[in-house]
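Both of the next two complexes hold chain A, though its partner changes from chain B to chain C.
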Partner chain A sequence: MTTFPAHAPIRLAACPPPGLVANTLAIAQRELREAVRSRWFILYTLAFAVLGLSLSYVTAAAGGGMGLSGFGRTTAGLVNLVLLVVPLMGLTAGAGSIAGDRERGMLTYLLAQPVTRTEVLLGKYLGLSGALIACIALGLGACAAIMAWKGDATRPASLIWLGGLSLALAMGMLSLGMLVSVLARKASVAVGTGVFLWLVLVFATDLALMAGAIAMKLRIEELFAACLFNPLQVFKMWSLHAADASLDVLGPAGLYATEEFGAWLHAIFGASLLAWIVLPLIAASLIFARRAPV
Partner chain B sequence: MISIRHVTKRFGRTAAVNDVSLDIEPGDAVALWGTNGAGKTTLIRCVLGLFRFQGQIRVDDFDVARQGKLARARIGYVPQELGFYDDLGVAEAVALFARLKGVRSVYTPDILGRVGLTGHEHKRIRELSGGMKQRLALAIALLGDPPVLVLDEVTASLDACGREEFVSLLSGLARGGRSLLFASHRIEEVTALAQRVITLDKGKVTAEIPAREFIPHLGLQATLHLRIASGAREQAARLLREGGFDPQRNGIGLIVAVPTAQKAAPFRILSEGRIAVEDFELLAHTDSHTDSHAAEHTP
Partner chain C sequence: MRTLHAILFTILLAAHAAAQDPHAMAPPAPTTPRVASNINTGLIGIRVRTARPGDVIRVPAGIYREHIRIETPLSLVAEPGAIIDGDGSGDIIEIAAPDVTVSGFVIRNTGIDLDKENAGVRAIAPRALIENNTLEDILFGIDLRDAHDSIVRGNRIGGKDLDIARRGDGVRLWRSDRALIENNHIHDGRDAVLWYSQGITVRGNTAIRCRYGFHLMYSDDVTLEDNEVAHNSVGIYIMYSRGITIRQNRMIRNRGPSGYGLGLKEADRFTIENNLMVANRAGVYLDGSPFSTQVPGVFTRNTIAFNDVGLTFLPAVRGNRFTLNNFIDNVEQVSILGRGSLKGNEFWHEETGNYWSDYLGYDQNQDGVGDFVHESYTLFESLVDRHPKLRILLFSPVEQAIEFVGRAVPAVRPEPKFIDEVPLMRPIAIESGRPAQQADRVGMTLTALAMVGGGLGLALLSRPVERRRRTSATGGDA
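Presenting the complex of A and B:
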């Protein structure tokens, strides 16, 4: 190996790179800004708000009253709306994030800067979480504001619970979406996989639980334990538990859970949703650290 | 400044970079030369810590594999094509990357002025041309005055005019005592920017040569098509043969193969022999790439 003399060596000092928090926040802010400017954010927010308001009218009418009445019933209706819309939002937003940047060549460029992969992943996660929080807050906030204005806000605590749990569900689905995103090479594949997971979580697992309960003769405690592996089921049970303090509407499994765990149910549901937030994100981080950005 | 030791990067069974060792001193400018797939971009991505690899790479004594963030803080990187956030404004992009690089005080007009982008700070990135995007990438690479500049075929997506402008900008701005590592398969870039050239083939270093010996090393030939009056062609051919060339006749004059560094020599010989060249065409090409450009002139 030949070494040639260097010419005019001048010592240039590089700036010390910022720490994890500073870089994560910088990336999060950029991600949040991009997300709130995007069409998906506007469409999801509009859809969420419009559907929420429509649902309020429909449930009120079904209850025999006119206008926005029947807050508990409305909250129950909103739970079902959240179950459909929020997971889709979280999964597709997360799935498109890393894979989209990889496809655009932006990921290579970003990782060529003095940042770590953890900072990039966390930054994107926090930024998108911020966008989802804004979307849910706007959607549910619009419902709450109009319902309060109509004077039927008898149980605002249940709506606050619903908002908080929706955020937790959104963040769990975002984690899962980001796990898909680090695994996929193309954004279209990632988003497609996200939609497929959404279908599985929303529809297939309910059917699988019913089929399993019959075919495998699952005991009631096994059925309840199986429900805890689906974040949507956890969200549904926790929302109803927070609103009515009774899960009897869910049938025998709900009754079993109430009788068996009582006050511990909040902790059990919380741990389950926390696991859905943290575990996919850790898995995404580990895979992202090992995978080439191209 | 950059120490590359026995670096191997495999994709499956294929070694894209195969046991490469290389030292780049402060102020040194090194070109990586080779065909597509030779391993230039892969080696650059290893230096940036984007790929996991066998061997060791140190940048300013920081181990790229273990201290990637610190190593990259010493590097300004310009990619082949800027896959940027299109919705971002130019000034926003500069501010974002200044923040990521830990550059505290940034006056965007100055930064953009260095690369000829004055007045474009309020534009969205999607509104910039390819050449402007590359200038922006260079401006961002120079944020914080990193001691190493890494360029990956930075003019590949530009047209001829944009290429010339960008190389001219680079030769003025990029150096300034920095170490420069760049991949290219354009001779004009290599000769304008490099002090030495590492040639790669199938991931292996095949030669390491000073830039001044690069063109002779490649064995480049240019072809001159000379239009000469029919009565003077015989004498012109004789004079050129005496001058060491091997002219071939065509219907309107002579065709002469010349080393690219001696393209003017046939004109000198013919001028001294008082033979007028009515017109000429120059075709330059390498033996390994089709990177031809023709120029027509009327003397």
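Presenting the complex of A and C:
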């Protein structure tokens, strides 16, 4: 290994030494492997699939056997299911990751390898995202199978949209979870905070929004703008928009959004979800890089 | 109530929907058709001018760029391929004599002057028969003025590609009694509108992508049957008219700021039966109908399914009777705007109720009627009815949470919105034509396979990678 052939520099250029990408991917693979074998992954996948299956089964039956089916009533139900399950999944998975590894001493071991902290964080993020993709795809795939069997008139495209958007939501929540994980000292605290955040996002913000809309007489523009800050509402509005090409099902505020922004809605929703994915992750990596050694 | 109206009005304005606001529309005063110098100067025009009563003029294939005024009772019959082109100005055919037939033409390219109401075919004399024509790129399509006993049948009428406010009506009747409008296909126009016309039958037509599919203004004793109205702003809108029968129509996906399958404004003596209202913003919209409460508004054997709201009532509406209807999976089955009450309407009568897909009871004695009363009280819905803007939170988990609170805590439970004492256990079969949508089973199966396959592939991804890395590692050691 002391003498290089004459063309060695070219080969080196074509095949860069292990760096950010390679390290990140290696850690991502490890994380994915571990996640897929873990109990939470199997439980969440099962729960998601079973709930989705029963939902599609029941709504397919509710058409009354008249050969009628609506604008994706099943999809609307699935949206609701995703809104409850996916954020919980993302938040707890993210919250448990770094904090859990720290508690088990795994983090010390990992950081002793020739990898940077950013690489560890990114790798873990990607690996867990992969696990969430698998979970969502399996759950929704099972629903799609039931819908195909029962002849539900939901368009396949809207289900695929739902899958993609669920993934974006899951990654946003995962990002938030990892921020919590980086900040927390103990895994139990991290997961607890994750569940608390889930409650806040699922119920508290919407209740506050309702109260605000009634008590402070928020105008519809303000109401719509406020909803854009909640990733769950953005996910919900986006998936309805994608399924139905109109938000008028959401009443005056939805009509306002459709008329005012039209095709730009995709960009607006996309920007909001992207912000939820990127910003907490950047914050997490900055904090993680600056924290005292574990 | 006032603020609610203000809000609704603002929305309508914001949606630049002056054209879609029924109140904003003044009755069009028919202008006297002006005789331009270029009328009856073309090939067809000369023959029309010199024809004797009762003549049948056959027009061979070809493109005729001319404007025609028929002043003799005659038949103008096209052979296939005969096209009359208005060159983008004025009306194209005007029927000024009774008993005229215009049949089989392609009539295209009128002017776009809304003041002069440029029309493809305008009849100002009784008993016109206008059939099997194709009207393209026209401002107004077929305009009957004082043309009693006319027949408009089998035409295809397509409007100009203009903003909705600048379009004309596909079909318009003005004081033309006893007309028959049958088997026409109207698309991309403004309305098919009946003004002050009595005893009309509208049958077997389709209207798509218009503003109002069919629109009645002060027109009594009208029957609308077997029509399909889809993708309009409003499917069928009945205003200030009496003696209306609406049966076996299909109203599908009429959406937007108005977005009613069927709208009734100060209508009286109406019977709505065997219709299908699917995926509209509101299946049925009731405003001041029935106007007098002597005769109930009858809704029977309709299927009202998958609309955002099944029935929308303005606060003071009373005197409607709903029996044997199917209310299937509307996001909100029945809504009463503002703080109104539904007490003046019947959701069951004697021994017959309706089918409600959200009915929670059971039927122990197997008589097809639920053993418990169907009461609709939902906390979230009543909140939404009072504050429509809260609809933006629909489908959120918070909606279920609030409904749960409403069920669990009687103190906050709202008054039942309405009661059906004899709810049906199963939807009843109705005859209203084809189902609205077809399932895409192949696509869905492929989606399922792709998703499950992708998910499993990802979950199993780690194993082969691991093996490969191990072999490469051993290779490196060697």
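One rule holds for everything that comes next: the second predicted complex is superposed on the first by the 264 of 294 C-alpha atoms of A that agree within 3 Å, B and C clash if a C-alpha of one lies under 4 Å from a C-alpha of the other, contacts with A are read in each partner's own complex, and residues count from 1 in each chain.
Basically, contacts are C-beta pairs under 8 Å (C-beta built on N, C-alpha and C of every residue); 3 or more make two chains touch, one makes a residue touch a chain.
Computed from a predicted model, the values in this text were never measured in an experiment.
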> After superposition on the shared chain, which partner residues are touched by A:209: those of chain B (first), chain C (second), both, or neither?
Replying inline: second
> With the two structures laid over each other on chain A, which partner does A:23 touch: chain B (first), chain C (second), both, or neither?
Replying inline: first
>> After superposing on the shared chain, does chain C or chain B touch more chain A residues?
In response: C
>> On the A-aligned overlay, A:128 touches which partner chain: chain B = first, chain C = second, or both, or neither?
In response: neither
> Looking at the overlay, what does A:99 touch: chain B (first), chain C (second), both, or neither?
Replying inline: neither
>> For A:116 in the superposed arrangement: first (chain B), second (chain C), both or neither?
In response: first
> Given the touch rule stated above, what does A:108 touch, chain B (first), chain C (second), both, or neither?
Replying inline: first
> Looking at the overlay, what does A:290 touch: chain B (first), chain C (second), both, or neither?
Replying inline: first
> For A:171, is the partner it touches chain B (first), chain C (second), both, or none of the two (neither)?
Replying inline: neither
> Once the two structures are fitted together, what part of chain A is touched by chain B and by chain C alike?
Replying inline: none
>> Using the touch definition from the top, list the residues of chain A that touch chain C in their complex.
In response: 29, 32-33, 36, 59, 62-71, 73, 76, 79-80, 83-84, 130-131, 133-138, 140-142, 144-145, 147-148, 151-157, 159-160, 163, 202-203, 206-207, 209-210, 213-214, 218, 220, 223-224, 227, 232-233, 236-237, 240, 246, 248-256, 259-260
>> Looking at the complex, which residues from chain C come into contact with chain A?
In response: 7-8, 11, 14-16, 255-257, 259, 278-279, 281, 303, 305-306, 308, 326, 328-329, 331, 355, 357, 383-384, 387-398, 400-401, 426-427, 429, 435-441, 443-456, 458-462, 465-466
> Residues of chain A touching chain B in their complex?
Replying inline: 1-18, 22-23, 26-27, 30, 34, 37, 104-106, 108-109, 111-116, 290, 292-294
> For chain B, which residues count as touching chain A in their complex?
Replying inline: 21-23, 25-28, 45, 48-52, 60, 68-70, 72-75, 77, 79, 81-85, 87-88, 96-97, 99-104, 137, 144-147, 176-179, 195-196, 208, 210
